[in-house]
Amino acid sequence: MQSPEDAILLRVEGLAKHFGGLAAVDGIDIEVRRSELRAIIGPNGAGKTTFFNLVSGGLTPTAGKIYFNGEDITAFPPDRIVKKGIGRTFQVTSIFPNLTALDNVQSAIQGRKGPPHPFRSLHSLRDTWEQAQETLELLGIGGRANVLVSELSHGEQKLVDIGIALGSDPEMLLLDEPTAGLDAASTHAMTDKIQRLAETRTIMIVEHDMKVIMTLAERISVLHHGKMLAEGTPDEIQADAEVRRVYLTRGV
Amino acid sequence: MEILSRILLHSLDGFVFGWLYALIAFGLSLIFGILLIINVAHGALYMLGAVFGWFFVQGITGDAGNFWLGLILAPLAVGALAVVTEMAILRPIENQPVMTILSTFGLMLIFENLVLGWVGGQAISVKAAITGGFTLLTYQYPYYRIFVMAISISIAIGLWAFLQKTKYGLRVRAVRQNKDLALADGIPVRRVNTFAFGLGGALAGLSGALAAPIVSVSYQMGLNILIVAFIVVIVGGLGDLLGAVVAGLIFGEVESLSALIVNPTWARVIALLFVTAFLFFRPNGLLSRTR
Amino acid sequence: MAQSTLRSPNSVRAALFLLLVLAVLAVLPFGLGGFGVEFLMEILIWGLLALSFDFLYGYTGLLSLGHSVFFGVGIYGVTLPILHWQVGLWPAMGIGLLVSAISAVIVGYFSVKIRGHGFIIVTVVFATVMTLIAFAWRSVTGGDDGLTFTRPVLTLGPLALDLVHPLTRYYFTLFFVALSFFLCRRILRSPLGRVFELIRENETRARFVGYNADRYKLISFSISGIFAGVSGILYALFLGFASADFFQWTISAEAVVWTLFGGAGTLFGPMLGAGILLYLKELLSSQWAFTYLIFLGAIIIVVVMFAPRGLVGTAKEIFTHLRERRHKEEGRASTVAKP
């Protein structure tokens, strides 16, 4: 039996980030339950990516607290946050271009282990390679394991980006616009894959494609000018007059 | 009284040299802000300005030459050289920062050693066109140094006005802000690049010609000043002109006042370490609002 | 079948090639005159400096113009103890190694905190500061006149060899350069070396998969600095001389040029680059000293424009290209052969 407090994986309180005079994120409160799939939406400049950067350690908040698994992780550097169990992908695909897909994922798996050995051969890491291969197969690109990622298609690179995030075996996965720049077929395939990933982990996703959001999300948080505008189920959000006004009617 | 007048003398000297460092740094900063490259040849362009200045004044005509003509021709010549260099050597490798560092290092070697072959390795002395001075408590202070400072300040104001108030300046600033956006707005980014490198080079040439009478002119005179300019630019904040002035003045004062107690080499060591230390507290520049 | 493609059967061939090079270097002195042996030593030592730079730049992606600091510290690190305390060869080298390691950690600690172009500038400031100090502190360093010392005897158990003898000095140098080369190669092909590559490829991503990038940059910087120190130690023993000039940042810049010319990120390339360019220097300097530097400047510009991957990098590219084409042709031939 879990207490209500245990059911909360991520809790954010009064989170704010100011750049000079501009408040990109302006006092956000949010709670994400374990194994939930939460979507964060909002018009451009609403502070979605900044919010992700704060949670994953890329930026240091000006104010507010971030708790993960009940532990205060505010202002932790990214490498520590990864080890706590938050992995992420990037809006602009972020991979290691001159390594193979397999090496990309393997590097992430190695990252959460202890310090790397300075003299042993890379072959000593055989088990991590096997895990990396499994991860790629899960994402449906197992056959591309030994290709340099710089030679992969945009869609495949997006999958490698997710593969890298999964390599850290995160409890919570942050996906920053996973379908950006994908054609309709790839978007559909990507949506399926995310749905499958959501069976085993908590996911927080920033996405522009409303169809993807409405298919995937259990709950949606709407950001506007760095503030939380509304939160609810997809149906509630679609019905919300305020949200329609600032966001949906723009036909994004 | 003696101590006081020496302190006064050194403070004033620090101010003059601080402005000179800022002037050298302007060109570097402009080039960095626009082309995003570290111009390792900047010290060599400064050296060329000094040598050209000497050449136009004393080289052709003997002592009867016109210093003022040299002061105008030297920056123009160096600026023209910089324009050609940018188009021929830097444009093909734009957006490759490390490669441009290497290329400009190559240029530095070429310029320095051409001058070595041309005028030889000994130091040249260049006469100041303005002689005389005024009394500062017990010491004589040369008018020429005040002139150097006045020119540097005027150039700083002129550059600021150019960037803020003119259409071309607006283009330059747009490119500095965001290259892709500027390109999308129809700004000829490549021409702005060439212009910025040329102007930066001309400013280096001007500082060289201006400094020639008060420093030791030789083919390697740019070697150490380059490092000073680097640190002034980076501590001032890349592309921040006012920051460069502040950093330059701090450097000049620290160096000059340290020279009251230690010899000039140690004074430069102290100034380098002092100013570099700012980088650890304000990595985005002295005057930046974000940390 | 999970394995890294970067470590293909090629690495066996590469190892054989390196052993062959080592064998050639071992017998080469017998085909060369006294001057040739001295010159070869010089190439080996400067090559090691270029190699140490490549360790940091080619594999971790950090361009340091501060390696002359460790080179100079290595030089004075052996010279001063020999001169003032009359210590033997091994203790002197040990001290040299220790002080270069300490200086590398200190310079690295401050430099890696500054990102982007600031890093390069901080390293060049360190080199300038050390140069100025070395020039100003004449009583200790001898300034640009330098310090001359007598090389200690090389003792190996019961054996006592005189380093003044060129061949002894040559094998002594070759041993340490080769050892350094294989150590660097081993480290760069280890899991630790892979982390360096990750930082070179995408530092931000490396942070977000759990690597403390600053720490690994410092580790890479320090290892690289130590090997630069080793080259300084060897150079001091080669010359029997130390000078403040060796701290100049332009020495670092020359190492950068050798590395680029030979091919960054290949380890062997920088040594080859040093060899070829130093040979050119020898040829051209007999005319006027400055012609070589003008020529070198021109070479840099040309290489940057037309062969930015350097000699070894370009050669590798051509090989890969040829092999791919051969594979394709073989593939086509076999399909044609099918009835």
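Letters are used for the chains, namely A, B and C, taken in the order the chains are written, and counting of residues starts over at 1 for each.
Note that a residue touches a chain if its C-beta (ideal position, glycine included) is under 8 Å from a C-beta of that chain, and two chains touch if they have at least 3 such contacts.
Small disclaimer: the values here were computed from a predicted structure and weren't measured.
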item: Lowest number of touching-chain links that must be crossed from subunit A to subunit C; value: 1
item: Chain located farthest away, centre of subunit B as origin (C-alpha); value: A
item: Centroid spacing, where centroids are CA-atom means, of subunit A and subunit C in whole angstrom; value: 41
item: Centroid spacing, where centroids are CA-atom means, of subunit A and subunit B in whole angstrom; value: 47
item: CA centroid of subunit B to CA centroid of subunit C, Å; value: 33
item: Touching two or more other chains - residues of subunit B; value: none
item: Subunit B residues touching subunit C - in the complex, by the definition given at the top; value: 32, 38, 40, 89, 92-93, 96-99, 101-103, 105-110, 112-114, 116-117, 223-224, 227, 230-231, 234, 238, 263, 265-266, 268-269, 272-273, 276, 279-280, 283
item: List of subunit C residues in touch with subunit B within their complex; value: 63, 110, 113-115, 117-118, 120-122, 124-125, 128-129, 132-133, 135-136, 249-250, 253, 256-257, 260, 288, 290-291, 293-294, 296-301, 304-305, 308
item: Subunit A-touching residues of subunit C, taken from the complex the two chains share; value: 2-7, 186-187, 189-195, 197-198, 201-202, 204-213
item: Contacting residues of subunit A [partner subunit C, same complex]; value: 56-58, 77-79, 82-83, 87-88, 90, 94-100, 102-103, 106-108, 110-112, 115-126, 129-130, 132-133, 145-146, 164, 167-168
